[in-house]
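Before any comments, here is the structure.
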Amino acid sequence: MSDKAKTNASPMRAGSMSLTLTPWIVAALLLMVLPFIFNNNSSITIMNQMWITVIFALAYNMLLGQGGMLSFGHAVYMGMGGFLCMHVMNYVEDFGLALPLPLLPLFGGLFGMGCAMLIGAISTSGAGTRFAMISLGIGELVAACSVIIVAFFGGEEGISGDRTYGLPFFGIEFLKQIEVYYLISFWLMLSAALMYLFSRTPVGRMANAVRDNPERAQFLGYSSRWVRFYSFMASGFFCGIAGGLFAINYEILTEENLNTASSGIILLVTFLGGVGFFFGPIIGAIAFTLLQTVLSLETELWAFYAGALFLATVMYFPGGLAGLIMMHVPSYRFGNANKLFVPYIKTLIPGLITVLGSAALVEMIFHYRHGSVGDNEMTLFWITFDSHALVPWIVVSVITGVAFYITKTTAPALKEAWGDANTPPTSGGAS
Amino acid sequence: MLEVTDLHAYYGKSHILQGVNLNVQEGEIVALLGRNGVGRSTTCKAIMGEVPPQGSVKFRGQEIAGKKSFEIANLGLGYVPENRDIFPGLTTRQNLILGMKPGQKAGVGRWTIDNMFDMFSNLKERADVEATVMSGGEQQMLTMCRTLMGDPDFLMIDDPTEGLSPQMVKRVADVLQEIAKRGVATLLVEQKLSIAMDIADRVYVMGHGQVQFEGTPDELRGRDDVRKEWLEV
Amino acid sequence: MTAALELSGLTKSFGKAEIIRGVDLSIGKGERHAIIGPNGAGKSTLFNLITGRFAQTAGKISLHGSDLAGLEPYQINRMGLSRSFQITNIFPAMTVFENVRCSLLWSMGYKYSFWNLVASSKKLTDGADEILEQINLTERRNLPAGVLSYAEQRALEIGITIAGGADVIMLDEPTAGMSHSETDYIVDLIRKVTENKTLIMVEHDMGVVFGLADYISVLVYGEIIATGRPEEVRGNPKVQEAYLGEALEAEH
Amino acid sequence: MELVLVNLIDGLVTGLLLFMLSAGLTLIFSMMGVLNFAHASFYMLGAYFAYQISIALGFWMGLLIAPIIVGVLGAGVERYGLRRVHQYGHVPELIFTFGLALLIEEVVQFLWGKNQMAYNIPEILNFTAFAIAGNSIPAYKIFMIFISIAIFIGLLYVLTRTRVGMIIQAALNYPKTVEALGHNVPLIFMGVFGVGTALAGVAGVIAGPVLGTFPGMAFVLGSIVFVTIVIGGLGSLWGALVASLLIGWITTFAKSYNIAMSDILNGIGIATPENLDDSIWRDLWTVTSPQIADILPYILMVLILIFRPYGLLGNRDA
Amino acid sequence: ADTIKVAFIDPLSGPFASTGTNGLHQFEFAADYMINQNGGVLDGDMFEIVAFDNKISPKESLIQLQVAIDQGIRFIAQGNSSGVANAITEAVNKHNKRNPDDRVLFLNYAAVDPALTNDKCNFWHFRFDANADIKMDAMTDSIAANADIKKVYIIGQDYSFGKAVSAAANKFLSEKRPDIEIVGDELHPIGKVKDFTPYSRKIVSSGADAVITGNWGADMLGLGKSVIENGYSGPIYTYYAAGSGITAAFGETGKGVIRLVSEGQINPPVSDAASDYYNAYKAKFPDGNIDQARIANTIGMLAQAIEAAGTADDVVKIAYELEGMTYDSIWGGQVFMRENDHQAIQNMHIQEHTNEGITFAYDGSDFGVRSIKMIEMASADSPSTCDMKRP
């Protein structure tokens, strides 16, 4: 039967032993050389932000993707870890405690885990709406406390410190961004590896089982509640680490680290990357940081594009960006990936032009409507023109229209090529 | 009444139905047999439009392949799914009421709620209990009754006797014959060969996603080769 | 010798409806015991009471001599009792292989550990593959369990239940939805894996019941009206009337 | 005493306004089983459309037309967006509404700019209906009360006298099966979503003049609507009403009477620490009820979820 | 000639975008109108305002700050949210300490938390707005002068600024008019209150003759409208109740009730130069308002300091020039940058929300603010706890 052929042709065994090290080594190398490629301070600052978000998102996905628990208040654990680290940092400064800075995130992790234990004790008895709403409620409460309880949270100004007072670590005082970068990278590799391994342990596996069918898991000797609780704790721990790194990187923590907007964003980030794959949140964090930080340098409308991107992602790639990538694995495995190359170029380039053209139109409308009087000049894609003249409008519209038309006409060919590439080479037609 | 020609259906890339041909005449009980996983349920789903069908499905001469399932249902096809799909949060009675077509008035048609309760007294006892807590067998009865409430002219039943006690199996067999008597044609997917052979006018045996045998129950009894090849392990 | 499972004076009411009305039953070690009865008699409810899914209204349940009152299903499972469900209850998004592997974890002593890697345990992998072999699902190994056909899911359900190696196994209509030939196969399988174990089974297929059971209890309206060897029960006129009827002849 | 009466009325108005939003949401929630984060955005759209219409045609036409436009938009969103996402599961749906909320806010800013809109109470309702001990009760508030009650009755009728409620609930779990019984599930979903969003639109039209019409108005409303329906019990209209009123009154009374934490703590026998200013508990001791009034619903929700997981009048977990 | 870039780090998206965008326009206009159209500074160096969207997030602000520094920008302007200002001033201080080669100056044009020029002051931070205490000083002067006011109600947002306003009001009132009874003093959650009615009830029933609030944005509008609607008719003294749509939204209801304290007199215009400035602005941004007069001062003072220092790169030199600078504001009067704490001292105005005598209205309505009282060089001798460390 045809589906037998399919099963046999796929040697990938879900959750199988092939703990291949290659991606990890590549990732480590990349982390090491990236600062040499993007070597100005702002790139490093942005990368620091990215890696912190990566840890946070991975930790979040331990709940969402692996445990099926939707949390609306996860910023709490990262924030709490961060605040504690900030206090420890200040303690180090004030009392000369001999603590090397690189160990600081550990405190954050433990504190994050402690908070998770406390709240998990009441919230993990269910996974559905109840869990989500308790997390929301707690999130709101903690966020509200952050402005009321000034002693710990420092009000809306937050608390700040200076990372350079810790014990020098092999002569490194963490004065420079690059030093912080390597510290963060180290923790990133360590946390990611640990989180990955966690998903392969008995608790990690049972987290999946409980996500799918909590009741049945009970009849296999596992208490769904405890399984959730352990996942929650582990997630809290890594969130706290991310918080600690945040404290080191920014040397300030504020109400923003706890509020529900941050909690919401991490959900979006994780989803954008793809909850179904371990590496999904990594891609999501990178993409979102670029969007938020780099795109917002280019346009005020960045949130508009972000919203549109989220809509497009859920509608067309519910597996997130990681899902999009993984879609190509079968054709690659069949050795058919090359069949896709030409159709992709034929469709995606005009597709890209369509998207950029539409964005250009949006920008032009925006400029036309909201630009100051007399300021008719605008610059898009390194071209400066008059947004009140007719010509640019016609040019952009025509380019966009034509590109759209080409995309539309070449799309069926791509679809066909796609089907073609995903047919196992051995299978003889329909049966 | 129902005429299926060269029906294909896929789940993703797996080609489950590979050209099924069958037909059901007015007032007839036709059984669809085959091994587990051979695609009998998929055939029903494809007819009902729940799985996209390729090929032709004609109901009273009208092409219904490609129609939405509620449109098909409103033409007079009834479908009793194998998974029961009892609606949680609703009582037995509410589940039955949902079986009625939009705009259908209570008491119009061949069946009333009371008929159902008469046929299956268990349901009557549990009329106002949330239906999902009922026993497996009771749920099975409810699923069938729910579809009957819509007063279909043609009924597809997927494994109606599953989980029923021997006595109830007998009862269901009687009900099926009663249904036929009231002029409803039936396509019956059934595991229990004996029942199917007893009440069916004709049988189809499926294998490899196609119909491999067609004939009366008696003909099938006489064909050991068919039974061996397509019905036993 | 203490019985494997002992029920005394067990009752269960949902609101006003009394579903189980005082059941006394003792099932010996190594016995294969079938519970039969009309639909809605309370067989699944009885299972649910024993496995801790519901709390009993009154009465006592003891497993190997220890009282199960107030224990959660997972605690009962750890004491060596495993069950299957009448309405398929598997992990639909996980692969068939993982379904089985998860059911091996606790019994192989992995508990809530986060320092073991499941993949590096040959014992687990081989154990799971062996079960798959037994339930004929090796070919489906890497498919998500949710896409299996109904009967395949039923087989998986049984696989998950027996995988843990519990010594009391409870099966709720294991062959429902299976065709004759598959049923025969499953009966053989059940017989094989319950060698020297206690089996409690609900089943409407009399062929299966009489083929497998050492003892049969008949539950009608929440009461056990007869218990005994198959031939005794078959001959019992009360049972004939309440349950078997002429159906028996029809089956055979 | 008079003040209590005034507070009761104020709380009722706040509660009913909340109800208008949560009624639509609870309808949608029971259908999708998922939080519609864009609900407040439709509320905002209602206010903006009504503002725009009121400039040309006056407040009453705004009240009539704006909700219809919002409802049609909502139905469109269901038809061309949500319906597609629905098949992927709850989380994608939720993200969809999240993204939609972002987008709507941006579009509103794009069209109307970032400032407050001068959307005001219509002249004929801009008078004091009556006064209690010097506290005036504006006529507009009375008007709000009547509208909310009318909505409640209308919805109650639809949900209890028709099969729509049952179909929605059944289709939440087994849409295919419900369809196979002959019900046009997609149409019903679209209709319900449209009606739900239109209700949010009505709330926007009515609340815009009192609570302000600005791009952040959806955000300010935040998650309180979800909290309401969770407290009330998912999918329960009565629950939504009870919870809305409860929240309305709790917050109003907490704001009106300065209950200090120190009084409560002293009351239960804990003495104020000697040097409060140095104590790390200082901030806790000095908390007063108006400070925390708006987070009380969250506390209430967490408590309710712990002790009554399905909310006050709910009977299931969506 | 070079360009001298000023990084404008403020919210351009999200709920506070309106204030941020309006501020940006005023900066761009001031740089263009006052500097670039007059030939720039030094030998024709032009000003350029580079906008960075910080989404009112301290974290984002710090990232954008780093990006700005990397682009070689030496002047950082920010104003919305004292929390952000606090993060930036600390980050700038650390950055300048750790990277002596590319130091930057922080031009705070609107964050009014007194701490920024007291305990948390540093050499790199300059505040061009009057801080909350100074404004309150001016405000209470006006209240104290009004013998009809016997009872005052203080209400504010529950965060540092709201608390600072309350503390200052209490302090100044008890000094200036011990007979005034403070009939209410409370805080409400910031940005969370949807309906202010219960607060208004308390205010009305307390019999207050005046209300003091530090509220801004939607909280200001919500509180103001609700208080008036529920029967209060006395004055509401406040800091931020003009522009960004608030003036239009208050409209007739707020007339004669809303009084705000700010620097810079818009109505009646002080001079032709001021009128020209405003008209030119209007021509460029027809929907815009000049509601932050200090922005012109900020640009003007920076330019003056650069000229005096003879360099646009050595920020230490420029900072020393700014310290103690006296500057003639286009809005009348002088601005003096105090040496000891980098707090600008300038004339304060009590302005009234009205449609009478308004030359320059706000928000496309016919309402605007008119100066009804001026306090010259307000709080010039106010103390500061600042312990400035100079390089």
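Note that the chains are named A, B, C, D and E in the order they appear, and that numbering of residues resets to 1 at the start of each chain.
As a working rule, a residue touches a chain if its C-beta (ideal position, glycine included) is under 8 Å from a C-beta of that chain, and two chains touch if they have at least 3 such contacts.
This is a predicted model, so every value here is computed, not measured.
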How short can a path of touching chains from chain C to chain E be, counted in steps? 2
Give me the fewest steps it takes to get from chain A to chain C if each step has to go to a chain it touches. 1
Name the chain whose C-alpha centroid is farthest from the C-alpha centroid of chain A. B
Starting from the Cα centroid of chain C, hunt down the chain whose centroid lies farthest away. E
Sort out for me whether B-D or B-C is joined by the greater number of C-beta contact pairs. B-C
Rounded to the nearest whole Å, what is the centre-to-centre distance of chain B and chain E, using the mean of the C-alpha atoms as each centre? 76
In whole angstrom, the CA-centroid distance of chain D from chain E equals 35
Using the average of all C-alpha atoms in each chain as its centre, how far is it in Å between chain C and chain D? 48
Taking each chain's centre as its mean C-alpha position, how far apart are chain A and chain D in Å? 31
Touching two or more other chains - residue numbers and ranges from chain A: 144, 148, 301, 303
Give the residues of chain E that touch two or more other chains, as numbers and ranges in rising order. 14, 17, 21, 158, 189, 192
In chain B, residues with contacts to at least two other chains: none
Which residues of chain A touch chain C once you look at their complex with the stated criterion? 4, 7, 10, 12-17, 19, 197-198, 200-206, 208-209, 211-213, 215-223, 226-227, 230, 234
Going by the contact rule at the top, pick out the chain B residues touching chain D in the complex. 48, 50, 68-70, 72-74, 79, 81, 85, 87-90, 94-95, 97-99, 101-102, 146-147, 150
In the complex, the residues of chain D that touch chain A are 35, 81, 84-85, 88-96, 98-103, 105-107, 110, 113, 222-223, 226-227, 230, 234, 280, 282-284, 287, 291-292, 295, 298-299, 301-302, 305-306, 309, 317-318
State the interface residues of chain B toward chain C in the complex, per the touch definition above. 11, 35-37, 41, 82-84, 122, 125-126, 129, 133-141, 159, 162-170, 191, 193-195, 231-233
Where on chain D does chain E make contact in their complex? 3, 6-7, 10, 13-14, 17, 109, 113-120, 128, 131, 133-136, 138, 210-212, 214-217, 219-222, 224, 251-253, 255-256, 258, 288, 290-295
